[in-house]
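Chain IDs A, B, C and D follow the sequence of writing; residue 1 opens each chain.
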Amino acid sequence: MTAALTNLYRSMLLIRRVEERIAEEYTQQEMRCPVHFCIGQEAIASGVCAALSPDDKVMSGHRSHGHYLAKGGNLARMIAELYGKATGCCSGKGGSMHLIDLECGFLGAAPIVGSTIPIAVGTAFAAHSRKEARITAVFFGDAAVESGAFYESANFALVHNLPVLFVCEDNLYSVYTPMAPRQPNGRGLSELAAGIGLKTAKADGNDVTIVKKCAVQAADDIRAGGGPWFLEFSTYRWLEHCGPQYDNDIGYRTQAEFEAWRAKCPVSRARSQLLKSAAIEKGALDAMERELSAMIDDAFSQAKAAPFPAPKEALEQIYAA
Amino acid sequence: MTAALTNLYRSMLLIRRVEERIAEEYTQQEMRCPVHFCIGQEAIASGVCAALSPDDKVMSGHRSHGHYLAKGGNLARMIAELYGKATGCCSGKGGSMHLIDLECGFLGAAPIVGSTIPIAVGTAFAAHSRKEARITAVFFGDAAVESGAFYESANFALVHNLPVLFVCEDNLYSVYTPMAPRQPNGRGLSELAAGIGLKTAKADGNDVTIVKKCAVQAADDIRAGGGPWFLEFSTYRWLEHCGPQYDNDIGYRTQAEFEAWRAKCPVSRARSQLLKSAAIEKGALDAMERELSAMIDDAFSQAKAAPFPAPKEALEQIYAA
Amino acid sequence: MKDGRLSNRTLTYAHAINEALDIALASDPSVYLIGLGTPDPKGVFGSTKGLVEKFGTARVLDMPVSENALTGVVLGSAIDGMRPVLTHQRVDFSLVSFEQIINQAAKWRYMYGGNVGAPLVIRMIIGRGWGQGPQHSQSLQSVFAHIPGLKVVMPSTPADAKGLLLSAIFDDDPVVFLEHRWLYNIEGPVPEGDERVPIGQPRIVRSGNDITIAATSYMTIESLRAAELLADIGIEAEVIDLRTLNPFDHQDVVKSVKRTNHLIVADTSWRNCGIAGELVARVSEDAFSSLEQPPRRVTLPDAPVPTSRALTDGFYPHAIDIARLAGEMLGRSTSSLSAAAESAVPLDVPDNNFRGPF
Amino acid sequence: MKDGRLSNRTLTYAHAINEALDIALASDPSVYLIGLGTPDPKGVFGSTKGLVEKFGTARVLDMPVSENALTGVVLGSAIDGMRPVLTHQRVDFSLVSFEQIINQAAKWRYMYGGNVGAPLVIRMIIGRGWGQGPQHSQSLQSVFAHIPGLKVVMPSTPADAKGLLLSAIFDDDPVVFLEHRWLYNIEGPVPEGDERVPIGQPRIVRSGNDITIAATSYMTIESLRAAELLADIGIEAEVIDLRTLNPFDHQDVVKSVKRTNHLIVADTSWRNCGIAGELVARVSEDAFSSLEQPPRRVTLPDAPVPTSRALTDGFYPHAIDIARLAGEMLGRSTSSLSAAAESAVPLDVPDNNFRGPF
C-alpha cells in the first residue's frame, strides 16, 4: 500500500514538475503552440493509469500531458514535440495537442472536444473483436459529455459490451464557462451516464488513492466482461484554460474558489499521507525530486538542442509511402 | 369525452384512409418519391396533436404524413406534393419527405434521422425568447434517439427549460433493424430520457385516448413552465419501411408479430369504443367515411390535374429574391 | 480459372462490389463491414447480400443511427489493426460524421508524424432520381477531394468497382469510396479473384483525337453515350474516367488535351469549387497553349436538388448535352443528334426495371 | 455625426465586428448572439466584448459544447422569426455541425418551396500560426462555397467586416462568415452607424494594368504587400478582394483580366477543388483569349497543417511568393525584391504584440 502510494506520488510529482517547467519555459516563446496545463488534476491521470496494465490503451483530448506521462509516455519526446522539433513524438507535426506514444499504449490525443471518445471506443472494439484481454481508458472533461460524440459512443460501447473506461474530469469549467449554461442544474454527470446505461462511480478526483481504487474496481469489472464504465472525478484546474498563467483575476471564477481547491492539492495530500505513514522519509522524497528534476532538465536540454524538422517534411506523411 | 373520441377517431381515420389511398395509387408510378407510411401508428399523431392548440408548432422526420394531417395540414397540397406538382406544399421541391404547412403550425419535416429535433428545439427557443405561450412538439422514431442530435437537443432544452415536447414513436425497428444492434438490452427509451434529465411518460401508442391523456399532461406542464418532456409510445408500422407493400415475408420480422400488432389497430380500437359507448351511431361513422372519402377523392383529382412546376423553377428559391 | 484477368464473365456493379467484400473478408480477418442495414435483407442494394450468412454477425455488423461516433469507432479500430469498411446508403448521411472524417481520419497519419495510419474505407452511395430530393441526392466528392489525407475514389464500371474496392480496403489510408446508385445494375466483365485496380490513375475508356471528355462516376456513362452520338457525326471523342479525385492525377488528361486541343469535364455534382473546375484549372495552367477553345464544364447547376421529376428532368445533364457542347466547341452542327438521343427510359430512374421507391 | 460614410475614424477588425454586432442587437430584438465563450471575459478575441453587459444573457448566450444541435437550434429559431449569430472560435469546430449547415440550413428555403427562409449567420474564425496545427488552422471556405444555398463571406478589412456582417445579419439566407484571426488587429477606417456593405461583390482594392491578383481574406493583405513590392520594380498589379465566394461573382475579375491579360489567384486554403481553382476555371472559360499566360494559383499545398513553426514557415505563401510569381509571369526579374520583403515579424504570429498561446 505505501509502495503503491509512493508510485502514485511519483507519477503525480512527475506531471506537476514537468508542467511547472513547461509553464516557466513557455514565456521564452520557444514552445510555440497552445498548451493546456493539468496542474491540480494530476491525481486522476496517475490514479487511473495505475489501474491499467502496459497492454491497456489510453487516449485523451486537449489537456493530455498528464495522461501521456502517467501511462508512461516518453518525456523527452513530449517536450521535443512542444518545441516543434524533429525528435518530438509527432516529429513536430502535432504539438502539445497531439501527443502519442505507441510503445506505452498512449494511442493519441486530439483537441476537438469529445472527438477522441469514439476513437477510443473503436480501439476497444478492435481488442474485443480479436478477443484480447485489454481495456482502453479515455480521458475527457466535463464539457465533452455535452457532445453527441460522447453519447453515441457510450451507447455503442454498451451495445457491444466493450472494454472501455470513460474517465470524466469535472473541473467545473469549459474554458471560462461554468456549468449553468451548459448542463441542467443538479443533474449530475454520473447520473446522466447511468441513465444511458453505463456502470458508474463518482469520487474525489484530488485523492489519488481513491481515484486508483475506483479505477481498479472498474477495470477489474471490465476485464471480467462487465462492459463499459464511466468514472466521474471532481477536480480543479489551477492555471488558465490554455497557457501558463493564473487567471483568477479575469472574472469567471473567484480567488476564494481557487484557494479552496488549491488547499486540496492532490500532490501535497499524497505527500503528507506518505510522510504521516512514515513509510518513506523526507530524504527519499527529496531524492525523488532531484531525480525527476534531472530527468526534466535532460528532456528540456535535449529538446532545445534537437534539430527542427526540415521544411519539406511538411509535405510528407500525408499518405503511406 | 365521446365528442373528443369522435374527433380523435376522425383524425386517425383521415390519416389511415389517406395513406391507404396513397398506397393504392403509388403503384401507378406517378408519385415518384420515397414514401414512408404510418399505417398502424396513427394514434400517436392524432392523440398528441389533439393536445396542442393551433398556435403550437409541430415538426417531424421522414414518416410525417400523419403528423402533418393531425396538425391540420392541407390535404390537397400534401397529395399534390407527392405527385411533384406546382400546387404541392413545397411546390414540388420537397416530395413526401419534406412537408410543410405554416398556416396550421406544421413547420417542416425532413428525412435525416434526428436532424429536425434540434430545429424544433430552436423554434421553442424562439417562442421562449419572445415569451410566447406556445409549445413545439417534435415527432421521431426509436432510432432517432441514437443520434447525438437528439441528446444534445435534450440537454439544451433542459438548460433553458424550453417548451418542447419530444414524442418518440417506438415501432421496434429502424428500417429492418431491431433494437439489439442499436441500443443496450433492457435500457428503455424513457429511462434514457429521464437520465438526461427530461420529464417522461411511457404509454401504449395504439390507444389514442391514452396518448392524448399523456400529451395533455405533458403539454399542460410545459405551458406552466415545467420544461421539456419526453413521451415514449410503443407502436408498430404495418407496411414496409419505405413504400406501399407489406414485407413480413422478407425475414426481419415475423408474420405472427405483425398479426399481434394488427390486432391492436388504433383505428379499430377507437371505432369499437365509440360504438360500444353508443354515443355515436354506425350511420354517423359511415357518413364520416363518405365525407373523408370525398375529401380524399378531391385531393387526388386536384393533384392529378394540377400542372407540374416549370423546369426553370429548379433554379429558383435558392436564396431570397 | 487462376488468372482472373483472362476472365470474360460479366457481373453487375452491385455484384462486383459484393465479390470484392467477400474476397476481402475471406482473405484477411482484420476486415469487417459495418453500416446501417449492412446485414439486413436488402443488403445495401444487394452489395452486401449473403455476407452476414457467410462471415457472421461479428464481421458484418449493423449499427445504431450514430454515424458520427461510428466513424470514430471504425477509425479507432483502424489505428488498432483492423480494416473496417463503413457503409452509408446515402452520402448525405455522412455529413453528421464530417468531423471524424475531416479532422481525425484524414489527418491521423500526418498529425502523429507517421506513427500510425488509418486504413479505413467509407463506402457511400450517391442517390439520384425517383424524387430522392435535396437530402438524398447529393454528390459530395469535391468536398472530400478538397481534404488532404483522404483518398477519394469513384468507380464507374463493375471491374473498377471490384478492383478499386479491393485496393481501398488494403490501402493503408482512409478511402472515401463513392458509388453511384445508377451504376448498380450496369453489367460488365469482371476478373475473378483478388484482382486489384490501383488507386490514383484515371482510365482512358475510349480513344479519340478530336476532343477530350473527362468524367466522374456516372457521368462517364453519359460521356460514352455522348461519344457514340458524336461518332455518328464524325467526331472522335476521347473519354477519360477520372476514377480517383484525391490524390488527383491530371497528367493523362493533359496528355490527351495536347492531342485533342479541346476539353470538356463532366461531373455529377455542383459547379462552384467542384472537381470539374479543378480539372479545368489544371489543364488551363499546364496545357494552356494546347487549348484551341476555352475548356468547358458539364455539371449540375448550383442549386439544391429538387424532388419533382418535372424539375429534375432538366437538372441533370445528359449525353446529348455533352454531345451538343462538343459539337459547338468544334464548330460542327449537332442538329441531327436529337432524335437518336431520345431515351427509352424515364429520366428519373436508372433503368426500366426500376419500380421505386428507392 | 449622421453620415457614417464621411467618417475617417479607424477601428481594428475585431472592434469593427463588435460594433456591427452592437448595432444589430440594438436595432432589432430578433437578433441574438450565441456561441462557446461569446459572453466570456475574452469575448471571442474581443469581438463580442461588452455585449453581454449591454444586452443581457438572454441575447448574448454561451452554450454547451454541442455545436451540432446548436446549429439546429439557431436554424429553428431563424425559421421562426429570429436572426441568430452563432460563433465558433475555430472553423474546425463547425465540422460537427455540417449536417445541419449543409443538409438543413442551406436547403431550407428551397426544399420547402420558398415557404420560409433561414436568416442565420455563422461566424467562424480561421486560425493560423503559433502551432495551431492540423485541427485548429483549417480554412474551409471552398467547402462551404460548394454548397448552393449558403452565402459565404470573407471580409479582409475592418470596414468590410462591419458592413458585411451587418448585411449578413439582416440577410434572409444563411450566411457563413469567415474571419481570419490574423486580421483581428489590423486597423482601418470604419464608417459609424448601420452602414452595410452588400454581399456578393468583390472589391478592387488597388488598381493596376499589368496583372490581376484576386485574393481571399488574409491573402488580400499579402497580395497588397506583393503589389507594393511589384510597384518597386515597375509592375502595376490590380488587387481584387473576392469577399463573397458564394454566390460567386467573377465578372469584375474577368473585366480586370481583359485589361491586364494576367491572373494570379491567392487563397488561404488548399488547392484541390478550392476557390482559387474555381476562379482560374471561370476566367479560363470566359476570358480565355485575353490571357497571355496560363493563370496561376497561390494556395496552401495539399497537406494537413503542421504544427512546428519550422514546418509552417514554408507552408504559408507570402507576399514575396506572389510577387515573384507575378514577375515570372511578366518576364521580369524579381531578384531585387528579396531584401525589401524581409519581415520584421516572425512568420507564425500575426503581429509583434502577439504573445501566444492563442
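Here are a few things to note about the model shown:
We adopt the following convention: a residue touches a chain if its C-beta (ideal position, glycine included) is under 8 Å from a C-beta of that chain, and two chains touch if they have at least 3 such contacts.
Being a predicted model, the structure only gives us computed values, none of them experimental.
Under the contact definition stated at the top, the chains bordering both subunit B and subunit C are A, D.
A straight line joining the Cα centres of subunit A and subunit C is 42 Å long. Annotation: 36 Å between the Cα-based centres of subunit A and subunit D. Centre-to-centre, using mean CA coordinates, subunit C is 32 Å away from subunit D. The set of subunit C residues touching two or more other chains comprises 63-64, 66, 68-69, 92, 95-96, 99, 103, 110-111, 133-135, 148-149, 247, 302-304, 306-307.
Contact with two or more other chains is made by residues 88, 90, 92-94, 98, 110, 112, 115, 146-149, 151-152, 155, 159, 181-183, 318 of subunit A. If the chains shown are joined wherever they touch, the resulting network links each chain directly to all the rest.
Listed in rising order, the residues of subunit A touching subunit D in the complex are 26, 29, 32-35, 84-85, 88, 90, 92-98, 110-115, 143-144, 146-149, 174-177, 181-183, 242-243, 250-252, 308-311, 313-315, 318.
Taken together, the subunit B residues at the contact with subunit D in this complex read 57, 88-94, 98, 100, 102, 107-108, 110, 112, 115-127, 129-130, 148-149, 151-153, 155-156, 159, 316-320.
On subunit B, the positions that touch subunit A within their shared complex are 146-149, 151-152, 155, 158-159, 180-184, 187, 191-197. Residue ranges on subunit D touching subunit C, taken from their complex, read 68, 92, 95-96, 98-99, 102-103, 106-107, 110-111, 133-135, 138, 142-143, 145-149, 245-248, 269-270, 272-278, 280-282, 284-286, 288, 291, 293-297, 302-304, 306-307.
The part of subunit D that touches subunit A in the complex is made up of residues 36-37, 40-42, 61-66, 68-69, 92-93, 95-96, 130-136, 301-304, 306-315, 348, 355-358.
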